[in-house]
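The two complexes that follow have chain A in common; it is paired with chain B in the first and with chain C in the second.
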Partner chain A sequence: MTATVSTTSVTPTRRRRRSARLSPLLVAFVLVPFAVESIWVFWPALQGFWFSLTRWDGMSPPTFVGTDNYVELTGDATFRGALLNTVIWLVLFGGLSVLGGFGMALVLQKERRGVGFYRAALFTPVVFSLVVTALVWRVFYQPDGIADTLLRAVGLEHLIRPWLADPQTALYAVILPALWRQIGYVMVLFLAGLKAIDPALHEAARMDGANSWQRLRHVTIPQLKGVNAVVLSVIVIDSLRSFDIVWSLTKGGPYHSSELLSTYMYSTAFQSLRLGYASAIAVVIFVLALAVILGYLVRAFREEA
Partner chain B sequence: MSDFDPGRRRFLGHLGLAGMGALGASSFLSACASSASGPTTSNGSGAVTIQSNLSSPQAKEAMEKLIANFNAQGKGKASLNTIASETFRTQLPTYLTSANPPDLYTWYAGSVANDYASKNLLLDVSDVWKSMGDYPESLRTLSTEASGKQVFVPMNNYWWGFFYRKSNFAKWGVQEPKTWTDFLALCETLKSKGVPPIGIGLGDTPWIASAWFDYLNIRINGAPFHRELLAGKQRFDDPKVKAVFTRWREALPYFDPKGKAYPFQEATTALLAGKTGMFLIGTFFADAAPKDALGDLDFFRFPIIDPAVPLAEEAPTDGFFASAKTANPDGTKALLTYLSGVEAQEAYVKASSGIVLPANPKAKASDSPLVAKGKAMLDEAKELTQFFNRDSSDALQPTADTALTKFLDKPDQIDAILREWQAGAEKVFKG
Partner chain C sequence: MNKLRTGAFHTGMILLSLLWLGPVLWVVVMSTRSFDDIAAHGVGSLPQSFTLDTYRQAWTDGGELRALINSMLVTVPSVALSLCLAAMAAFALSRFRIPGRRTILLLMLAGNLLPPQILLIPVSKFSELTGLYDTLWALIAVQVGFGLGFYTFVLHGFMRDLPGEIQEAATIDGAGTAQIFTRVMLPLTRPALAALGALSFTWIFNDLLWAITVLRTDDKMPVTPALLGLQGQFVSSWNVIAAGTVIAAVPTVAVFLRFQRHFVSGLALGAVK
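Here is the complex of A and B:
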């Protein structure tokens, strides 16, 4: 708010010139959200760093313990499991949704009769909230549910197991609904990218005798560079913040086998009431996200330069 | 905002200040937890706010009736907020530590209440207890915190047992077992008839497994050891604890294998449909049972394993505690006095469907044979325990969930499981 005050107190001539570039209204539109944001976002984030250095149950005042929480993290088997699961999640959920979304976009990019229906159908899961998605899939996975019935119908009943309660399958059983939803979203991003490619490029490649694989490899994919950046950031961010679907399907169980960093942070904070330790996990998630995104940005800038 | 100035700058200033005020007051915790139900306050109006987690339809209606009765008496004014159980549980610390908390809460007696009391968050309700002279000593002890003042007012308790359908037991030609050996024999018979003998529901409700741990421990090692263990004064990797799992393993082949995939509500359905033989559960499960099945239900106590161990039963006690920061302590105590009375407790029992026993010894329980049997079982017990999380803490419960579900899956890894459990428990006790 100080900026608005100072601009009004300067000489009229200067003010006119400055306000042409930077009106007080504009300054307010930047500064007010910034002030609100700093109270609402930046300050709690900084507090989170401070809490990660304390032991705190949420009720008594926090006690400072230095790096104890981080030392404990290094020896925490559950944390290591959650970290590994988060990596698996990033690779499988991220990788398959890019492949699936790109594949679907390629198949559905040409305008044909009925293609709109398929696009809409694939996009439908994106519209549902993840908690609703979880409810639907829970019915699918329940004992004697649709999954078991399907397996029985094709004579694979020896594969039947309590999908969400078996530590071997729980994580993958949760990735599937997450993918089911994400693929439609990624498909739309790629469709937009494919539409933006100049058809003349394909025409020229065809004239040069390139087959459809060569055209995909040397024309389509390089032209999608801009979209790739968007998709990659969306995927990385969505993977690291994945929480709702896991929490509503398994709560990270059975015995931590489908635990992600996000669910472990939540249960440590609000079930075990160890808010200091949970803050340390939150800091790790933040650092990971930052590393991935910065790593990508640095590479992207270097390529551009 | 009485001096509201429509000028733009003033408006922005107001916004900023309002934002600051709102955020300054709320702690990190309340900012993080979902704000589906911010603490409602009662400053000035004089009405006592009561925050209730009794959200099942009948219990909610029963509470509404009680509050309406209290308001009709003209001794004070109260208003009820009913909140979904899970939200209530996670928000409770936030309510209690907020600057302007609701006055009264439904919650549990024992270690859970004592924990809040030790942080000076609960109102001293010793005054209320002066009018509760006819309550049994056991309930008074349960409601008393370390420094000797009462912080809790019980409303009712219920019991845990092996529930079954009378018609099914008759059809299978089996009887209630008394001892552990009888029990295993019964399981064997049911299994030979193609019925999974023991129902369980761990899908969304892994804490159900704790009932097995609690009961085996109080049957084998006795209630005092159990309490010490849950208070962190004994170790989970103690050979005495391992003995619990040795017994449990004998019953493992008889558990319903589907039980680990669905929650206790579906395990109830399975029991009622005759897809499982019996189910170790608290009476609250009847909330999910159709009315016509209630008459066919019966239960037996957890079988005796060592006759030398004094008989103990799980009898979780529900009731109320109040915030130490209440703006209206007199009104809150008036409401508590009403709730501890015969009239209120009988009205609650009548209106709620749950099979519960009123805490006030003069209040009549519902006159079904099932309730009479439950009351007789608790009266016979030398010791009463609450439940795993109520005898320890909500924070310790996840460690039990992990250890017990893992044991059910991988019983041969019990040594490692108990070591992990001890390590997890130590972290919780350390904070």
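Here is the complex of A and C:
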């Protein structure tokens, strides 16, 4: 009985689907969005690669110079500084937001009194733009602002300095607000992942006498593999894209001490009007993003095989 | 022992919450202080005055009203248009055997994962070429084009998991493709649409990079870049800058409070799928 029903219902579906393939409406449903994305993303991306091989001031037509821009990049001290800062950013901003977000997700995972409020508190900054975040933290860093007032209160006046204007501290003074905003976001991703783990696995591990550290190490973390991949990609892409917070706090200064590849690319393009050279920096950003993500994917595949 | 642990948990978390909310509260308080108060006591002191004139200054003299209108003119159509286009693509790709559907989907997602830096120069040149440069249309077009891939990917994951029987029943009842889409699929996809709507609202509203890439004139700028401009205009008037900051944060906070549940589940949508 059931067999007959299923065969009769499958055949017309197949036929319908095959004929639907020709429906012009469906073709439009795919082609229109794809065309929009092509015009504003795919085609510009290809042009970006081409521009990186040219010298171009934006006014006169671009002249082809081959790999000259890339050769120049290798000798550019500002570029090297920005690259180093981007790596520091990736490690500190990325690493600490994963650790902090994961830690907070573990602590706030169990439903209990007050947990909703704590989650909301950590999550609030995610709603703000990075420019708003930057202005909030500017108040913190002002001479005689909250940071200085706090240091004075605990008798550490000698540490006081112009946090954002000192080349020694500018980069770290920018990372802090970025972290403040990112930790809540990463926490939400991990909370969703933790919720998807079957509680029976923990129960079984507990029965086998595993302590909470062992359960974390051998049950929770392996089960989070899928979330880890997402978090890693989000972090790498966010780090390489990071622009707003640096631009609103320091514009990459003083003396390029907080310059990231993204801010250097922007100022090279739209302030120095060296569009070809800036495109080469953009290509470097692209290659870095691709390398980290592909590197991770290849490793993930190998582990599965 | 257990009581002690609970106490430690709450003490620690309350301190941490204060650390997270403190800077925000501080800015809200500062936005109500007078200029003389801040000049005399510094931004780090407790308030000795109360005024709302700061909001008037930011609102009219600082041009925040104009900027808010610009932001809404960009954000609302961008969100509507990108969700509409993404839903169409997701519907066709998830419910029909379109040749190469997996490749198309991944390509669209990959487009969204590109670092925007590689697109900045070509997009700004292309908008000049088409005469869209320095108009809000250019910003809408970029936001829609750049967001589409991710929205399509998430909606595809959601629509794929809807039971096929509903679609079959609708077909047997004589519904065409368009009707199945609007009457059956869209209503069933509402939770995902709400989540993406709340998320994309904040993303587009909060954007800085695209706005300063395709816009030049000050009074066309949305809130986020305008807030940076406010800093230059009211150099040491920290109370006015604080008021401007609060104004710029209100719309996204409102959307967050209204759609809190959808918003949070939206962030996680891509993660568990």
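Keep in mind that, in the parts below, the second predicted complex is superposed on the first by the 282 of 305 C-alpha atoms of A that agree within 3 Å, B and C clash if a C-alpha of one lies under 4 Å from a C-alpha of the other, contacts with A are read in each partner's own complex, and residues count from 1 in each chain.
Throughout what follows, a residue touches a chain if its C-beta (ideal position, glycine included) is under 8 Å from a C-beta of that chain, and two chains touch if they have at least 3 such contacts.
Every value quoted in this text rests on a predicted model; they were computed, and no experiment measured them.
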Of chain B and chain C, which one touches more of chain A's residues? C
Report for A:36: first if it touches chain B alone, second if chain C alone, otherwise both or neither. both
Which partner does A:154 contact after superposing on A: first (chain B), second (chain C), both, neither? neither
Determine, under the contact definition given at the top, whether A:275 touches first (chain B), second (chain C), both, or neither. both
Once chain A of both complexes is superposed, is A:55 in touch with chain B (first), chain C (second), both, or neither? first
One more residue to check, A:127. First (chain B), second (chain C), both or neither? second
Quick one: classify A:44 as touching chain B (first), chain C (second), both or neither. both
Which holds for A:142: it touches chain B only (first), chain C only (second), both, or neither? both
Considering only touches as defined above, state whether A:162 meets chain B (first), chain C (second), both or neither. first
Contacts of A:253 with chain B and chain C, given as first, second, both or neither: first
Name the residues of chain A shared by its contacts with chain B and its contacts with chain C. 25, 32, 36, 39-40, 44, 47-48, 51, 58, 142, 144, 269-270, 275
Partner chain B, residues of chain A touching it in the complex: 1, 4, 25, 28, 32, 35-36, 39-40, 44, 47-48, 51, 55-60, 72, 77, 141-144, 162-165, 167, 251, 253-256, 267, 269-277
In the complex with chain C, residue positions of chain A that touch it: 9, 13, 16-18, 20-21, 23, 25-26, 29-30, 32-34, 36-37, 39-45, 47-49, 51, 58, 107-108, 114, 117-118, 121-132, 135-137, 139-140, 142, 144-146, 148-149, 180, 184-185, 188-189, 191-193, 196, 226-227, 230-231, 233, 237, 240-241, 243-244, 247-248, 261-262, 265-266, 269-270, 275, 278-279, 281-283, 285-286, 289, 293
Quick one: which bits of chain C touch chain A in the complex? Just the residue numbers, please. 9-10, 13, 16-17, 20-21, 23-24, 26-27, 30, 42-45, 85-86, 88-89, 91-93, 96-99, 104, 107-108, 111-126, 141-142, 144-146, 148-149, 152, 164, 168, 171, 177-178, 181, 202, 205-209, 212-213, 224-225, 227-228, 231, 238, 241-242, 245, 248-249, 252-253, 256, 264-265, 267-268, 270-272
The answer for chain B against chain A in the complex is residues 8-9, 12-13, 15-16, 19-20, 23, 28-29, 31-33, 90, 93-94, 96-97, 116, 119, 121, 202-204, 206, 257-258, 260-262, 394-395, 397-399, 401-403, 405-406, 409, 420, 427-428, 430-431
